[in-house]
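Same chain, two partners: chain A is paired with chain B first, then with chain C.
Up next is the complex of A and B:
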């Protein structure tokens, strides 16, 4: 007898023992069981109700109508859920996490992976819980041998064609398939054929594809169609030849494309810039917010040591749900390039020389003292936090000047009424609107997450969108009403066909672009908008649809703090200009003989004109308060150490004030926040949205003074809007490839 | 003994690797499009005037907010018009008619194996390869066709007249083996899709030659002994009038 036979002898008994073991372990019903007999079996010893579990991942139950509540039993434990919930959602409320691949709470239900099978009493087969509506009295069993076996079967099929390349897969460690195969996978496969392989697709510079890993869950297809609003991706072919792709060679031209990386449950779609950089368990996550636009998306910065390696979205239902734009996700490599790390002074030869902080501050203080107070100007950049803007304003005030403002806010912006510069309906509130009027704003490039809300609303409720401005890209149905103030006047005077839509709307929303702040006839435009909002009942006690969509992160806080220039001409007559990260001011306006101090983190436009450079910390390196366009106050937290000799913005100004002999009375973040509290108390209520109190305004009549120049587009290149994004290589690639017309 | 076992195992493993990739048959060609001079999105494609009317007729069958339901009949019409295959520009044209994103049309066109996305002959011969036909010799039929035409599967003959493809069961297993001839030689007006049943390797070659001469030949069974799907030499059972169902007296109610 050979060794092989011996071996098989040894194997066999174990194999036959196994089922018996199983039999005694689990209670397996006789095969010929009728409902009665199993009920009779169950009756003698009623199972004790297991203790209730906490809902999975904070699953919330929201009863629209208390009568609609139904009761189901999950593993014997009763839960009350609203009608219309699926079995999977009911299980989540009951605290049972159902394995899944294709189901995603923000996408439509596909029901094609079958991983979520559960047993339901009286149903002959296991049911796909994600697609099955829960019915009153349903008895759902999630951990029975039947459910387990069903999932194991599904898992075996999924793994059949899945490559065994976890060691070289970037999803490793955060892969749903990997995790769930630990629970339901077998340690060996029975599949002996060739595995299939699929050609990789080129989706552009952001998303890397390894399509052989795809498990055909279609989440990415549904995301592209439903959330991103670009129908590029599709499921092609059928059977084992099925693959995800665009069919024709096409890049994914969506500003939200990076999110498919997060929703892909396997490693088929991963981040191209992050490829092979790190494993997710090596990274330190810091929960902070994004500053590239005025939305303030909640993000998590994943860093290793001093390096930011990737940025992921954080859930915030009111702001970004769980998506972020590509700019937010991929601009982080700009944080490593073009950084200013030493204080520098421009010598007589026009070259910068690194000096010590002491010397640099002394020079700045001296020049500031030699300048007449009214010739001192301070400009805060679009990435400034509230603390540093407060310090800058206080410092300049102490120097006798009140010429301090934030770029993007225009010259005579009215900072008195918060309702005049905030998104009063809130970002989430936009979902209630049924007619949108966009005035001089292209939300798709100005605030991608706000655009995603509008697209969501349009998709869900067929809300009408009217747009006034230059021809622009939209990813939802819209009417292009006109290109300039002419149309606005027509609507304000009720002569335009769109007026009837506004008048018939239940919750009309007007969104005015902050790009209009820079126009001379801004007041006239705003009063025209106000006229419209008056007759269309846009502002009511129960609904405020008058919205201003700001452009950058610092704007709202700057206006709250009253950073508005005293006169429009101040920059032309300035002799001492303090740029706090301001790169987008028109440097040509600055007189040649003016002394320019640039305090910031990137060698960007401001540096070319600067006489002194004071290196500051970027948003990822400091704690700072930001207010987003809807008035929600949030803060960044330091994820990585600062670069070189850089310091926090407010500390630099505080130190400078000391050197200049006008010491600012705060020397901790807490102290400066209490100072802010006296100016704008809402800015210290973290993570709260303080709606503007409504008040009737007394704006001048609109009909005169409005120039008829068409509205311009404020942002030319979505991927490059500030000093960090302009330094980013990835963003440069994106603008080269994706904006190619 | 041990050696033999090991050798056996090795053989199995070797066999595994030797398995040619083509042993897993995929419905048709690639699931993605590669630009070529006669097939790229820049080529103009439109329904002919006659077919525009037909397309309108097809669309009228569906509610106006469900135009996309017409995707399959319209793709079929486009395929007939374009000589039996769908270039990507034709799919784009269909997408425009039914007002959906092109990818939604590509999805459908790649799903169904009867939409050809690469060139076919004027006569596209489809051999049924499903079990009943296979048992009755469909492999030999296909071999005969391929040998006679000197082409590979899904390849077009030099004169552009013929191509041979494989199809799954077309529902006339009772007359297995069978082939289908999709005739695109006369555009969408003269388009036919005929079954030739009970074929033999000899008979298919004759069919091909008849078609080459431009003659028509009656579809259906090619076995002169059979009438349609009746048994060879006439019925042997069920000769009398069928009896009424025993369970229910229809007249009584």
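Up next is the complex of A and C:
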């Protein structure tokens, strides 16, 4: 709720409509008592109906059943709402923003802050609108003297024990309490007693607590239990001794814990890494997306000058709702460390020497020309954007080689059918499922936001979750069916008890982890999954429950563009290896005499073996297209300038191609996108999810080719999965403190 | 910046091109005379010599050799005098002098063998900057 909106609401109401002579009685204005209260009785005839207002924040009503519509009157203006909405929601539809602290649309209703009091005709006292269901014909008044006085009183009580430390509080400037006390509070206080103080709690390396500031709205407690699915936070004590805490001395170990910073309406929970770094009005916000996993959460990067200072979530109902994982929120300090900023060549003594772009590109082009085409290999990293992968593929093809792939896309993965590697139900669509079968995937570490959806579904509908894979951590009820392909075969052959659950399900969903792409027997596994989906009717015209959960941001676009290795052996015979941000390639396999070029933004694993380094821009510094695991194409936008002498990825390859004499035919992002359009047209439809058209494919029979080695876990450390997060100090602290040993 | 303003007096405009030309030479002499002090106060002995700096000053002046309007020359002279005053008063720091007059605008990494013929505008721009 913006201050401006609140302020204008305060300006508007009845004070101006009062008879002038009444006001003149109040020469000295006593605290709290507002002149309107006595003027209330003086208001004679009902006022004409005010013109309708636009709903708050584009609030929309969706009528499931037209008979369920009821009509209520908000400030005299009639609105139609579905049955079961609360008074507060009705007011929102009518375009009246009710002040609130404890109410949050994605959490259960607590009704304990009392800030949302409104007057309802025929009710003796003001009612808490967030907890009161709207009844047909209710006459709600949000602007009466009674309601205003009630708010003022609540405000006074809240401020009674709230410290006056706004100047040193990190929430200052974006604090609900600050805004609302400006709008609805009294202009002076009457308390002379000491304020109470509360001992700060240690919630770990991410969330800083100043518990004296807490107003006991319990949003954080409800968030932890309902959305994060951990019972870590709770309310201790009674009355004025009430405190938020973790019951016992304990850190908050949820991968979504950072979101309590956003939902805390005051400065009680703030970001530890961001503490005292900046004021929010100094920051420039850039709306972009996250690349640390394949979900593509929508984020806003707040930067000041060349520095990224914090990352906040952006609302996207289809992908991340309004939450982001801790990794997304706090890895940004990795963008400042270990950066490559000059082109470098490794000298004879094994040390890197900074050179000019001209020299570096000339050397690379020279070596590339001396290598036989089939010995050239190009590997894109997990953070690459579609544009640079397209350029890399085109460049290598022009050099005569087709050994180009993106890490994580196992050998000869079937990239022809999009439905074979996408999350076909969509992330939001998972909420419709009633039985989940997780095959070799640990969504909690692989894609925290997808896991939050499953958790939400399980919590709302008691959906069943079956899991095949190594022992893993879940924050919802699940059945651990087995650890390897053996169980999968049993289910496929209908011999497993879980089969009945699958068969009885209305919308069964199977989620296969992309870690299985790396297995030799992946075709057999996928055909087993296909058998299951056939007999459990997972894929129907109205419901597609066959899902692959990809691991990294580049993967979906890479598969769309056909960056798949043709044979697993090409790297062992390579003489020229071009790593475009690829750090997870097994460097031991590369022959010792091979020439390795590393193009990327961080001095990570790939650099140890590189002969030439070409510095590139990180995702926060460039415009790039990414496709997430459900096939939604989104774009990053540059928030900060590039460091040092770095260049955008696609530009480096375009320049190199010219130096090598095989000039690529595009000079701008627009041109490269039209090239992409000819290969994968869905990649140019920004912010749209292009569902895969499903067609049955013929896969070999599963049972004999499957090896019985158990599924492995793909991600060892949730907090460190790519070159940026590995360079981050905060992520290192998290892995040291929060990972369960 | 009061002290710099005090030291720089705005001279009357040059009446002719001849006079302006004369003033430029006067300025160049003044600059050359201050160079030993400059070397001293900015501790430049290990990065430059007096003669190097002298030719830098000369080339900075030659950059404007196409200017024929005496008024413009007067203006440029005024700016030059201000700059010289700032340098001589130690209003700058060592890296300013090194950056502007010793290394030059090309940056520390000098591109040798600049063969820009026959390359596309894209590549030319690529070598210069990312944007």
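Assume the second predicted complex is superposed on the first by the 694 of 741 C-alpha atoms of A that agree within 3 Å, B and C clash if a C-alpha of one lies under 4 Å from a C-alpha of the other, contacts with A are read in each partner's own complex, and residues count from 1 in each chain.
What we mean here is this: a contact is a pair of C-beta atoms (placed from the backbone, for glycine too) under 8 Å apart; a residue touches a chain by one contact, two chains touch by 3 or more.
Because the structure is predicted, anything quoted here is derived from the model rather than measured.
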{"item": "Which of chain B and chain C A:354 touches, first, second, both or neither", "value": "second"}
{"item": "Partner, of chain C and chain B, that touches more residues belonging to chain A", "value": "B"}
{"item": "Touching partner for A:617 - first (chain B), second (chain C), both, neither", "value": "second"}
{"item": "First (chain B), second (chain C), both or neither touched by A:243", "value": "first"}
{"item": "First (chain B), second (chain C), both or neither touched by A:658", "value": "second"}
{"item": "Touching partner for A:192 - first (chain B), second (chain C), both, neither", "value": "first"}
{"item": "Contacts of A:182 with chain B and chain C, given as first, second, both or neither", "value": "neither"}
{"item": "Partner chain(s) touched by A:232 [first = chain B, second = chain C, both, neither]", "value": "first"}
{"item": "Contact set on chain A toward chain B in their complex", "value": "1-5, 192-194, 196, 199, 201, 231-243, 245-249"}
{"item": "Parts of chain B lying in touch with chain A, wherever the complex brings them together", "value": "1-2, 4-5, 16, 19, 21, 24, 26-27, 31-33, 35, 41, 88, 100-104, 106-107, 110-111"}
{"item": "Contact footprint of chain C on chain A as seen in their complex", "value": "342, 354-358, 617, 642, 646-648, 651, 654-655, 658-659, 663, 667"}
{"item": "Touching residues (chain side chain C, partner chain A) in the complex", "value": "109, 111, 119-123, 126-127, 130"}
